[in-house]
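Think of it as A, B, C and D in the order they're written, each chain with its own count starting at 1.
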């Protein structure tokens, strides 16, 4: 009974079907018929003209986005617990040729305009200090917190005012939108986001994410850089197929809702053990080492996690689009019984 | 009837089967059971201890290999028509942080020790000139030419003598080995190759290649750099599955033979039109524009190609593991009838 | 009466003399007779075999040193107020091809083994997190604080234990050694420092610093990288001359003492206004805006500085090797009279 | 009697004077009064508004210029014997983050529009091939050849037509202009040059070159990159002083003429031994090994050089602003007597 990551889940049957439907010779790279449909599919979804490129990993998506907005001598404001800072093996430094991540604070790994200003306002406007060129936020955050439309818009306003690009790492974008119940454009195009890393791998895909450019001209340079980074696959239709399967029938949202519902069922059993509100598919819960051991002994797999101050221990429980209802129920009961 | 590239062909049924067999939760990244089998699978195949890492594209494989052997201030000797020089969008410059490709000549895009010496011997041993650190050869070459074991070994000896790494771009390694009829180790480990980019995508795979390190310690830094380049997929088992399906039952060789046989059938019909010997699955043939048009009119798709001196035009015909015998026969007859 | 920076001071007469003595044709780059004397001069000074290269700026010296010890995918531990982090325009990211600065805390911009461990111990040993490869400390620190020999040695022990390089940014090395009254080797070679950026520009030079390698083989790659960074000057003898003039007659130490003495005279007048002990040639002093204005009105030039908590304002006063005793005395009296 | 390089010559007395005149405290970096005069000085010289930055070496000047015009995924057309390709230790790859040098042919290391088109016209306009973004030419070339105004203008027209930047490596700009007898703007601003590396080190300076931007907005990013490359010296006034001394009184031209005259005197003695026309301060001359030995025995220092086809040997003789007339005469007579 696995709750350690949505990263490892199986592929959705409709994605499999799309992969098989793509199994015939077509033009190589992104010259095929399916890749050609991406712009329209995302423009329809977001209700505004946008350009979309497939890419195999979230790290590549995030870093190609940053490099499109930030010169090598520039900087990107992000949360100090952001995935790009903590868990991408220095990939932003590689793709941007050494640009700097400028680290901001914020509860639940969420940025606010004030937190961003606290980072950028003290920067002297001279060549001795790295100047900010973009902001990157994660939706939902590394603690499963969702930015409401007005929260993104406030950051978007600051970005516009300071002439900064705004990137959204949407590895769990589906979970955030499912939680918020808003239109996906409300937390992206309409809120000032320039580029979205729209994640599918954690949500039923195999190995395809989408980079969505609400400022389409930013995509031009990324086409070159995607190739230069070895990310232009020759059988790109198998990535396009996955992305289209997720987007064209709203499978992304359906899967996000399923994972969220499983997380809520577990959260309800956790009560005061929760140390972050559950707004996506991650449940952060205080569990002593003995309690963790007890759950492991019952067959539940999950990662332990740094505990909040004063707590005896903690764990992260992650649900997925295909979390088995029986397993979810069993985990909820087991926690309630601790 | 498509003969424009092996890049665009469908996925082999046994690869599909392996992908489906991998469709269950397992550890993320390369911590899964299938990825753990790669070292053994390639060690068995090559009859020597080696380390193997999956990666999604040949460009990434090639460039990670180069970066493992060449510092940013160094250089790599390759043919001036090598894929890394001509068709990878500058990816070697990205992965190596600006190392230089040092371009050598040679018939059929093949390097020889003499051609390599002609490039490296004039380099002054001072800090003003970029020093060579590695050699990269393509097997089969960009013109479908195979290096015989003694030819690779001669280059390997030079590499060892000059303390240079030796990389083999094996995008069509299967076709070369199938043509040569040798053991795969004879043109790699036994001939002084340090790292092989073992291609599967052109040969029945979907989106997985293998980096095979005959000097296993070179793999250590590549693990970090693969992540840093956004190439460590979270559901790596779907790449490992493809690679294992190709290697463990010698499907790679079977598919290579099939594509080669189709190429030979076409080559036999071309006679004196051939301007490169056919030693893999590519047929380079003199065809005037009118002749090309006539073939296109009959439904044959292929790329035109720069013609050799004095010829009225030329084309490249590429077969694949699944080239339809009926199409191949039809093309051979059509060319013979020109 | 200028107290804003030692950076802007004039050139010492003995340096001028050395420059003129170099004014004859000799071999270009670092092939001249003076450059050839550097290794010996520094080996003598430090009492141990070392290799030394001239370079025009402290930023280049620091960043070439880091790049010699840290691969692009690695990290360097430094203080969050270190010059390399705050004031070098992202140069470490450029020279290291995107390596990460891992920021530690510490009073007076000084690192301690505990502060370093607090940064590196939580780093998971996997490819998702940037691994530390070196530590960089500043002697004297950005707040004019000197590391005692035992303090450097403690960091050196930790570096050795964790297999990390140890770099010392010695932009004000002379002032630190003058303050400590120790042998220069006690805070470098004998304490585990691998590479020292030995600063002369702030201390009477025109435009030459020295990179001193206590691990001489680290110098080999730096020779290539110095050229590649455009820092191999063709008339290198004019840099070597400056460095030799500073080192061979202990002018570096004499000048450091002079600047320190001037700082102490001012410090003595500051009393409880000081918010850092004065251990070099910088005086950090609480001064309200009105007090600053009063001093400016009397002709004293200096930079204001972020005030410590609760203070109404602050300034940084910097002395130089040639601070005019009359100006120093006047400033001391003016502060005492506030 | 040294004729091996203008690189190693002494510093002109008026440059020394300017250096001493700068020997007083002033604002650091490029905030001083002399640095502030650069834009005006070069605008006056070229008769058009331009921006100028000092930098210590020609390599840094060239590479900062290229990086201002070419993205990391782009390319620069240059001659295959250009200094940036052959003798800068891979510095262009460092400063541009891996952009590619696209090598063209041409007699005397001179490019022509046809030679450039032969390189760029075959480049497919797709992401698989590195696209050209700039052209770099050397004035005078590596063989001491000068581009006439109409020759530069022809390249400038091509650059404008293809939307490419045009950089001029003017390490020996003074010698070229002295030879051509034209206004310096005729071969730069008026001919479509975007950025000029205006060399002074080979022409009487100590360690200062100027980057002159005829498109001033290109300078903005270079200010950041100069700092990031460790090339923003803190006592920049000593570089500005050199540059102003060379430019404001036309010392650059006077020195260029002197060096050229010496070269012409030697060239006149060489007759049919010359294998390049002498249009600057370099004389390329056929000399057998025995003849070279004879000259060396008479006390003449110079480099041997690759001989033209069929010749028994060759040498490069370089004069400088301060070549001793007695030495020059002696060399001319010695060659004539061979």
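Just so we're on the same page, a contact is a pair of C-beta atoms (placed from the backbone, for glycine too) under 8 Å apart; a residue touches a chain by one contact, two chains touch by 3 or more.
Quantities reported herein were computed from a predicted structural model and do not represent experimental measurements.
Considering every other chain in turn, the ones in contact with both chain B and chain C prove to be A, D. Across the assembly, the mean Cα position most removed from that of chain A is the one of D. Our note on geometry: chain C versus chain D, Cα centroid distance of 34 Å, whole angstroms. One finds 42 Å separating the Cα centroids of chain B and chain D. Rounded to whole angstrom, the centroid-to-centroid distance between chain A and chain D, based on C-alpha atoms, equals 50 Å.
Counting partners per residue, chain D has 72-73, 88-90, 93-94, 97, 127-128, 224, 227-228, 232 as the residues that reach two or more other chains. Every residue of chain C that touches chain A in the complex is listed here, in rising order: 72-75, 86-90, 93-94, 96-100, 127-130.
Across the interface of their complex, chain C is touched by residues 71-73, 97, 127-128, 131, 221, 223-228, 232 of chain B. Taken in their complex, chain D has these residues touching chain C: 2, 5, 7-11, 16, 20, 23-29, 32, 55-61, 63-64, 88-91, 93-95, 201-202, 206-207, 224, 227-235, 238-239, 320.
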